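To keep things simple, chains are lettered A, B, C, D and E as they appear, and every chain counts its residues starting from 1.
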Amino acid sequence: MMTKRVKEILSHYPGENAGVLTNLARMMMSGRLAGTGKLVILPVDQGFEHGPGRSFAVNPPAYDPAYHFQLALDAGCNAYAAPLGFLEAGAAEFAGAIPLILKLNNHDVLHDEKDPVSSQTGTVKDALRLGCAAIGYTIYPGSSGSRAMYEQLRDLAQEAKSHGLAVVVWSYPRGSDISKEGETAIDVVAYAAQIAAQLGAHVIKVKAPSAHIELAEAKKAYEKSKVPIETLPQRISHVVQSSFNGKRIVIFSGGATVGDEQLLAEIKGIHEGGGFGSIVGRNSFQRPHDKAVELLGKIMSIYAS
Amino acid sequence: MMTKRVKEILSHYPGENAGVLTNLARMMMSGRLAGTGKLVILPVDQGFEHGPGRSFAVNPPAYDPAYHFQLALDAGCNAYAAPLGFLEAGAAEFAGAIPLILKLNNHDVLHDEKDPVSSQTGTVKDALRLGCAAIGYTIYPGSSGSRAMYEQLRDLAQEAKSHGLAVVVWSYPRGSDISKEGETAIDVVAYAAQIAAQLGAHVIKVKAPSAHIELAEAKKAYEKSKVPIETLPQRISHVVQSSFNGKRIVIFSGGATVGDEQLLAEIKGIHEGGGFGSIVGRNSFQRPHDKAVELLGKIMSIYAS
Amino acid sequence: MMTKRVKEILSHYPGENAGVLTNLARMMMSGRLAGTGKLVILPVDQGFEHGPGRSFAVNPPAYDPAYHFQLALDAGCNAYAAPLGFLEAGAAEFAGAIPLILKLNNHDVLHDEKDPVSSQTGTVKDALRLGCAAIGYTIYPGSSGSRAMYEQLRDLAQEAKSHGLAVVVWSYPRGSDISKEGETAIDVVAYAAQIAAQLGAHVIKVKAPSAHIELAEAKKAYEKSKVPIETLPQRISHVVQSSFNGKRIVIFSGGATVGDEQLLAEIKGIHEGGGFGSIVGRNSFQRPHDKAVELLGKIMSIYAS
Amino acid sequence: MMTKRVKEILSHYPGENAGVLTNLARMMMSGRLAGTGKLVILPVDQGFEHGPGRSFAVNPPAYDPAYHFQLALDAGCNAYAAPLGFLEAGAAEFAGAIPLILKLNNHDVLHDEKDPVSSQTGTVKDALRLGCAAIGYTIYPGSSGSRAMYEQLRDLAQEAKSHGLAVVVWSYPRGSDISKEGETAIDVVAYAAQIAAQLGAHVIKVKAPSAHIELAEAKKAYEKSKVPIETLPQRISHVVQSSFNGKRIVIFSGGATVGDEQLLAEIKGIHEGGGFGSIVGRNSFQRPHDKAVELLGKIMSIYAS
Amino acid sequence: MMTKRVKEILSHYPGENAGVLTNLARMMMSGRLAGTGKLVILPVDQGFEHGPGRSFAVNPPAYDPAYHFQLALDAGCNAYAAPLGFLEAGAAEFAGAIPLILKLNNHDVLHDEKDPVSSQTGTVKDALRLGCAAIGYTIYPGSSGSRAMYEQLRDLAQEAKSHGLAVVVWSYPRGSDISKEGETAIDVVAYAAQIAAQLGAHVIKVKAPSAHIELAEAKKAYEKSKVPIETLPQRISHVVQSSFNGKRIVIFSGGATVGDEQLLAEIKGIHEGGGFGSIVGRNSFQRPHDKAVELLGKIMSIYAS
């Protein structure tokens, strides 16, 4: 049964068509966190983004596309996100089992650039044909190619929405003008979330922010207004605020594999700060299935608390 | 969790894309009968087909579009089917609550004909925009206008499938060459189910058949092969057989309001004969909400047994 | 300032895009009745529908397109509706002065038929170019050509909505199967309102209904459920109910010129029965400007009360 | 390996694109008669054309779509032809097992007419999507609706050929001006074959002709030129001649179920007269599987001799 | 007859339409390796890619397009792949003799670049017109032009699949960031296979990998997980694993002409490692016809063992 919290979140998208709302609801009403308004999503695009050996050698069953559908299902995730090939290979077998997000663009590291631009590797029609609830798209604010990405997203989001699909945007600051530290700076992450929201994203995915401030003008403003950014919950709260004052679903990536303690502490911080959830890739599929289910279970328990 | 029976039914649609399978699964995995492979669907097109007073005066809250979404939800139906206006008026409010079927064609009785042809009142794009799981379409085999309907269905079904939507066909024999009794004759109903299946329907809705045989050539064949059609279960079984040997979902209409005893006896017969379920309109929304929920509950209990 | 009542009415169109809501709001927030949720609209299509002499000879200034813009403005109407030519001739001069409705189809009596089908004489693009708030479209339920009209409306309404325009449907039962008396029969008018609503109309215009019941099956239902239809307010109330339980704006035509007393009495009945307003053509432009402003003022006073 | 005879037959379609030739070759190089230039095709459209009970009650496993694929395969047919629903239900499971022909139009007998026009129930795109080698289309020369059929065939054949599909035309004279006896008259059958060939058919299917001559002018000509039509081989030879002097593949229908002796005698006559083969529906699927395989085996042995 | 192994391979493409499955089956059920699930394909695009003299002077009959069809046929290859011109010149003559793959893009060395992008030289419609079973497309992961290629492949693959054609992707890492040695590095080849699979390829062609590891991050991962890559079978096995755990058909190129001993040893390694077969160009057409048939025969014998 639809909960009050899910209805409240849906009310933040007034004027959006029923198809989009239905698909947002589907993601929020699936899995172990169904109805809480929190989401834990399994994303597996690393085969494309980083290469298969680097991604799956540590847990060889993960070479198999069916593995990830099953893992997301067993763990009770809200949705599973992947590129075209991985979804085509399993969507019929797992039809109706879990909401799917087709990642419409992807980037490999065989040709790596300072200012990367992903390739569009799937279409809105593919997403419909595969029974997806949403499209996913990655932008790199800060890249000299950001205009190409913003404009491609504009077209894809418009097409997706008019066909009733939700739009999930991965917003990862990268590019020749941003320092490595700056990619997770609080001002930059908040800015990236805002850009995704302004581009019409329904769900935004960013990295958990550090206390570093990258941009000089931002630094002045943060200090003048004494924006609290010392603790992770404070920073999460600022990113949520920057996502239309909490009116857009914003979730955080688990990032590279780290110790479980550290990861769970971060999740607690995200939850405490009002984050809507996590998207946990490498920390889940790069360990044995049962260990992954166990870890995702702990993460969900935090969000359910 | 997807059940073995639902997976078995989905396996009858090999080569169908994952979107269609997902939406078939959605209908079979919703409501009280989720997972049983049986369906009870609430259809409300009578406002258009028969007029509002004739349909709703007996239970005035039913004039309100929201009433039917709520009724279908409260009763635990697998899906709710209605024309454009009724779905547009409630789909956003009830987003994600219950699978929807947009009836793409409708017919009114202000201009009534011996050989009726419905008007196409919605589009596949509307169905997507409203977050529907399927399109619905009515054909009148036996009407001199059947060609126009079959061909319109062909185009709409192709468009729907390529966009991942399931196709539900109401197949109601009517027309100048068919007697009133013939409209529910066992040979005619079985024929109507077969035509819908051959036209590519995923789900077929027909009327519960009588023991009458309408067509002379059919009569000879039925008698020669001693097709058992004396009891309702036998007749249902024959219609299921005629729907690709049970490889297409075929459900039966409750028809005009009758006594509950009689209706429940009929449901038992449908269940016993292997029918996939019922589509219950007037017998549900033309009585007070709680009575309707009670009756639908009894119907579902039979199918769940 | 947007009123509570207008907001309530807009809430009956959930999932509708902001453009459509904006244009519905524009009509409800213009003129003397702004904010009341009541509408008095000036329609002038009689030049096309009945011929110029028959329409304007009695008040020659009305031959001039600018006359009607000015009249609607002077009287404080919510909107002005006319065919392409009349709007093209004045929309630029009166830009921003009053919401406009472009009537997209029209019918003349030089070629008259028992089962009329209007011609599409304007497009959604015309409506946008002319700055209109809505498109208008006439259907004749009961005509053997109703299928052509319903299907054309489906396409135009979809296009209009996707471009943010509201959809106003004139629903006038006519055709070889309906008696003259039947055209305003309570069951037929309620049915016509329902059909327009199911076809996705935002605003419905019907004739004020008589107590006559045309259809045998309807008669049985009305009598069985004792639907009160003796007084005009009761009948209006039934038509409002038949328009999605009051969730669609339904307004009533003034019809042929009658005595003012009689007309105002009818308006009182419409108001008392919960009607959303009137569309007053011949009773306004077929009398001198000041008399028309006076009469429309009296009508608005009733609705404002 | 491609045989000399198959290459010779293909040489009768010079200038035809390689796709069409490939698909013609596929049909001639499949099954037990592969390479002989003879074809025995299993067609199962009777569920649609005559109704399911009348078609399948005598051999209930035939209600199942998979049954016919398997039968065609077990018997070693060159191809299997059926309407959309039957092919959709099995084409993926039997992918690559046997060449398929999608019958693009179909007709039911619930609304039967003196001058029948079939409905287009599938498209060229469906045929491609289902992996078919050819489209099938039925024309009724002699029907007052023949123009609609010829022109629809023109469009479909053009589209099919440009996409590399072969075109199979069922040419069945029927209509208000043709006597029952005339439908199989030698002059009429030869004429029907010629019309199909002139319409661009690659493969033509007609009924085995009787010695009756229907048309007065034809009678004169046949008698004047002493066209030999007494024996079946003579008549078959005349039909083959009428199909571009044997440069179009022309095959003959088995017609209604008759005694096997009689059927095999007819096959011998077709073979002797130079016919290219048979299309055997009811005589195969209306008997038990093994009996059907046996009969089809006997038929193929005749053609292979 | 379809074998168990071929059915198993087809089952790895669930939800794919019957047309695609049929064409995959056609390639796997043709030639000497029919039914084994192994493929040896003859590709001849070197006339375009390297120039005619460099390609054919060593064996002048190979200048003739018909030569290669006949060679593929005589050797019992599963399919023959070539650019538009070569196929147009022979597809009609060899219609039905062997499955064809139209290579849709090609690149010449008259204008050579560090970061090459091939030209699209044929269309999906050409492939249909020519009776092909599949389209072929080359991507150069690592090229700065990879985005243009991935996106063009996305569109062509979608169009091909919807028309029932299989998609074969040549995935050859090349570009300014990749060392010559890196082009066949195990991590890079596995990555190239993964990218092709994620882009929706049904069949993937890569070069046989060396034990070199190109990317620093990959090196760490391979060493950490102790991925065995010392022997060719181990490396092949890793590439198969990287192609969706063996759920995508991955075949290996014979590369430049080498001694036959060395080539056959490599084929044994590919076979032992679970590779699906080979695509042998220069090693076959750059020697006399009979020698080529002999060598291909030896290769097939290994795969058939």
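Everything that follows uses one rule, which is that a residue touches a chain if its C-beta (ideal position, glycine included) is under 8 Å from a C-beta of that chain, and two chains touch if they have at least 3 such contacts.
Every value quoted in this text rests on a predicted model; they were computed, and no experiment measured them.
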B-C or B-E - the one linked by more C-beta pairs in contact: B-C
Selected pair, out of D-E, B-D or A-C, that shares over half of its residue contact pairs with A-E: B-D
Gap in Å, rounded to a whole number, between the CA centres of chain D and chain A: 57
Chain B and chain C: spacing of chain centres that average the CA atoms, whole Å: 36
Inter-chain centre distance, chain A versus chain B - centres from mean C-alpha coordinates, in Å: 39
Computed distance of Cα centres, chain E from chain C, in Å: 67
Touching two or more other chains - residue numbers and ranges from chain D: 88, 91-92, 95, 125, 130
Chain A residues within the chain E interface of the complex: 47-48, 50-58, 60-61, 63-65, 67, 83-86, 88-93, 95, 106, 108-113, 117-123, 125-126, 130
Chain B residues within the chain E interface of the complex: 15-18, 21, 162
In the complex, chain E residues that touch chain A: 12-16, 115, 141-144, 146-147, 150-151, 154, 158, 173, 175, 177-178, 186-188, 190-195, 197-201, 215, 217-218, 220-222, 224-225, 227, 238, 241-242, 244-245, 247-248
Of all residues in chain A, those that touch chain B in their complex: 2, 6, 10, 16-26, 28-29, 87-88, 91-92, 95-97, 125, 128-132, 162-164
